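In structure tokens below, several structures.
Here come two complexes built around chain A, the first alongside chain B, the second alongside chain C.
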Partner chain A sequence: MTDTQWPRYEVFEQVSEDQPHQNTNSIHAPDGEMALMNARDVFVRRPYCVSMWVVPADKIFSKTAQELADPDWATNSEIESVSTSTEPYYVFQKLKHRGSQTYIGIVEAQSPIEALQHALAVYSEGNPLAWWVFPARFVTKSEPDDIESMFDPSLDKTFRDQSEYHTIAMMYEIKKRARQAEDSE
Partner chain B sequence: MGYININEKVDVEVKPDKEAKLEEFEARIARGEKIEPGDWMPERYRKQLIRMISQHAHSEIVGMLPEGAWITRAPTLRRKMTLLAKVQDEGGHGQYLYHAAETLGATREEMLDALLTEKAKYSNIFNYPTLTWADIGTIGWLVDGAAILNQTMLAKCSYGPYARANTRICAEESFHKRQGQEIVIFLAQGTDEQKAMVQDSINRWWWPTLMMFGPHDSDSPNSGELSRWGIKTKSNDELRQMFINELVPDLQALGLTIPDPDLRYDEESGNWLIGEIDWDEFWQVITGNGPCNKERLATRRKAHEDGLWVREALSAYAEKQANGKAS
Partner chain C sequence: MKANLKEALAHKLLAMADDELVVGHRNSEWTGHAPILEEDIAFANIALDEIGHAKIWYQLLADLVGENPETYPDRLVFHREAAEYRNIQMVELPIGNWAFTIVRQYLLDTAELVRLGELVQSQYQPMAEASAKIRKEEIYHYRHTHAWLQRLGLGTDESHRRMQNALNQLWPYTTQLFEPLPDEALLVEAGFVPDPHQLRLAWEKLVLSNLKEANLATPEDTTPIKVQRDQHTPHLESLLAKMQEVARLDSQATW
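Right, the complex of A and B next:
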């Protein structure tokens, strides 16, 4: 077997139950299950995740506001296939320049183009800067039962937190003592 | 791909269109907008970013090696857990960055191959050896401190995926810097032997750390373009000066001596001014003749080869699972 590159999966994290899933980064893995496990090791070394999704990057249909400004964007887009029945698509959007792709909702569609057209009609408030849509069936998700084994262990690892190291206070004390010593001389 | 190459014709006929695009692109950056994958960008912007981001990624990966060497020799359990976590973070940072480069069309394989075949560079600093435990403190405080200044700037850069990777990296690097600073503070207040060990460490790392910021501005040919395109918004010399001004008072307060007889405070500018940097050493190390260049790459190659069976096993498992599902 040759040493080839595995497919790329985009990774989405939910930092708490009242927050939507957000794109973190991507990971290479041979399948969705390994992608989820690798993503957990790479991206959840610190305690801020309750749910994680991964989806093969090549299943994501992506358009920026700049690309959508072209009136022919739909006819110019290359897509794999159109199915005969509708299926649920997840819709993600980037609203702020410094933000990342964030989950906004689900649309039913027969193709990625149609999914994005529906999304544009329903979720355009706030003038998103970029969109991602992909069929829900390609997503691998962590389950609520996984929280304890996948995400909770990092809660105890407080030594990974900068606030465990009181160097600013230590330097302040050292400099104060030096000043006092100087003054008393 | 169709039979007729439409792009070629467009390119020849409407060159003004390309200039208009470039103008609009630069206007977007001037307005503080982020460029995202899919947006139009000049080819040079894409290439410069791939070069910078992949070098940055390689630095994180190779950067695991000098510190990793001390995990088994950490003096306490707390220090060992901290160092393990830090080295693991660096591996994660490499992943974030390779991802950012991939959004520009570079493949992971190409990049790893370029590193292992010495076609790509990584930060010079990791070609120096870690001789004592004090080096773990010095690397955390000085080397990571220097890296944070650079990455804080890059967290604001114009390319969205690279900016986001750096934002995440900076949050974690603060921990790296502080754990290192804590080690240096403890040693500097310790026994005479510990003080001598940490002084020796500062003596060896001070100049290589200053070189991390790169050649003087007068010798950096790309800086105008990188600044106009919102990638590198502070110059090498500016960042270096920020670092020096931050570190000198703290190191001196700890009773440590900075190995530069020409170091002096300039009342007028409020800057600490340093002596001449030995650029011959910099170029020697960057062209492959540093103390550890060969050792670092040999270790990376061995790790890559030794991991082959794991990659093969995972591929075989995935294949079996997929076939099982299909039948």
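Right, the complex of A and C next:
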């Protein structure tokens, strides 16, 4: 049977301009633009963000600190195609067990392995537990102009507010009265 | 405000609200049935947005005619007969297949986008403010349905065929999109709403270029549906029967 599932994209959200992008979710989509919209609709209708990035999961080169402890990690890694010129790679790292992959910076490299080697040299402070690197060209991003239509409308939706759900309040009230009636018997 | 201008504005607000409400309700029928989970959520969001827009217009109408903006929308939505609704026929048609739904929503989103782009400058201040708010969401709706239009139009033979069929069915109904209300000229003159003829031209320009990029073409030799907004297909009655069922069981119930 052929797999009809769309490719998986990893989703990164930036909750405010002074915070880095963080990996929050993953989503299936046929392409980057649809992935960005699907992620917006599924994940940030209620929680707010100011910027969103998506990248195909299979473009992410990933290594844990344990894997990197092997001195031969680079030669043992599956050989990626090496391009003749360098290109920018995004570097993400996970610093705490309960944390998520968080954007730390950009490096120029000819391959994911080289990108990670550069990242290790520059961004190792805090002893990250795991690393993600991927070429910037595979990332689909929301633009600053998109904030108004993609993210702002969620801010004044009353369905964000639990007090809008009258049925829940009503059920509490009914249960409370039932208990009081029982107690007085 | 002069009585006849006020009356014309009330007609316009009701027409705009009814269009949003009815298509919002139609779209909500996809909840749980859309082609994929992500789209199910996205399309339910769009349905909710449209119903929210309807509520804004109904509330503006309530303010205008001195009714309570909290209760008047429910009264209009749940306690009017089909003949009292002022929506265009396109929005009341059954959801059909996914292509039909996408093409309809795309045609409406573009119409909204073009109209709201002008309405933000309405001389009737509440309308200008509401339009600015609604327009933000419509920009996103357009992005969403335009993306689907392109992908299905340029997708497989089957997706293309379904989209072209949907367009052929829907195109005659687009005449009603910008058909002025009998007293709309008063509103245009007062600077409350833009000239519908100009809107139609701007809309066609946008839509025809999008359709071309999606390898779709407007049908030739169609008979435009030219009816007033008090004329409905039988589909509206069945939609209302379902939508109003619970509210009409006990019209005094409070929620």
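By definition in this document, the second predicted complex is superposed on the first by the 152 of 185 C-alpha atoms of A that agree within 3 Å, B and C clash if a C-alpha of one lies under 4 Å from a C-alpha of the other, contacts with A are read in each partner's own complex, and residues count from 1 in each chain.
Throughout what follows, contacts are C-beta pairs under 8 Å (C-beta built on N, C-alpha and C of every residue); 3 or more make two chains touch, one makes a residue touch a chain.
Quick caveat, the model's predicted, so the values are computed rather than measured.
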Between chain B and chain C, whom does A:Y165 touch in the aligned arrangement: first, second, both, or neither?
first
**Prompt:** Between chain B (first) and chain C (second), which, if any, makes contact with A:V42: first, second, both or neither?
**Reply:** both
When the two structures are overlaid on chain A, which partner does A:S149 contact: first (chain B), second (chain C), both, or neither? second
**Message:** Applying the document's definition of touch, where does A:N127 land relative to chain B and chain C: first, second, both, or neither?
**Reply:** neither
| In the superposed arrangement, which partner chain does A:S16 touch: chain B (first), chain C (second), both, or neither? | neither
Pick one for A:T75: touches chain B only (first), chain C only (second), both, or neither. neither
Is A:S184 in contact with chain B, with chain C, with both, or with neither (first, second, both, neither)?
neither
- Which partner does A:M34 contact after superposing on A: first (chain B), second (chain C), both, neither? both
Check: Thinking of the overlay built on chain A, is A:T84 touched by chain B (first), by chain C (second), by both, or by neither?
Finding: neither
Between chain B and chain C, the one with more contact residues on chain A is chain B
After superposition on chain A, the chain A residues reached by both chain B and chain C are 6, 27-30, 33-34, 42, 45, 159, 166
Chain B contacts chain A in the complex at 32-34, 36-40, 78, 81-82, 85, 88-89, 91-92, 95-96, 99, 102, 107-109, 160, 163-165, 168, 172, 174-175, 177-179, 181-182, 185, 249-250, 253-254, 308, 311-312, 314-319, 321-322
Contacts from chain A onto chain C in the complex sit at residues 6, 27-30, 33-34, 37-38, 41-42, 45, 148-150, 152-153, 159, 166
Chain A contacts chain B in the complex at 1, 3-6, 8, 25-31, 33-34, 42-43, 45-46, 62-64, 66-67, 94, 97-98, 100, 129-130, 157, 159-162, 164-167, 170-171, 174-175, 178
Chain A partner, complex, touching residues on chain C are 36, 38-39, 41-42, 45, 48-49, 136-137, 139-140, 143-144, 147, 151, 255
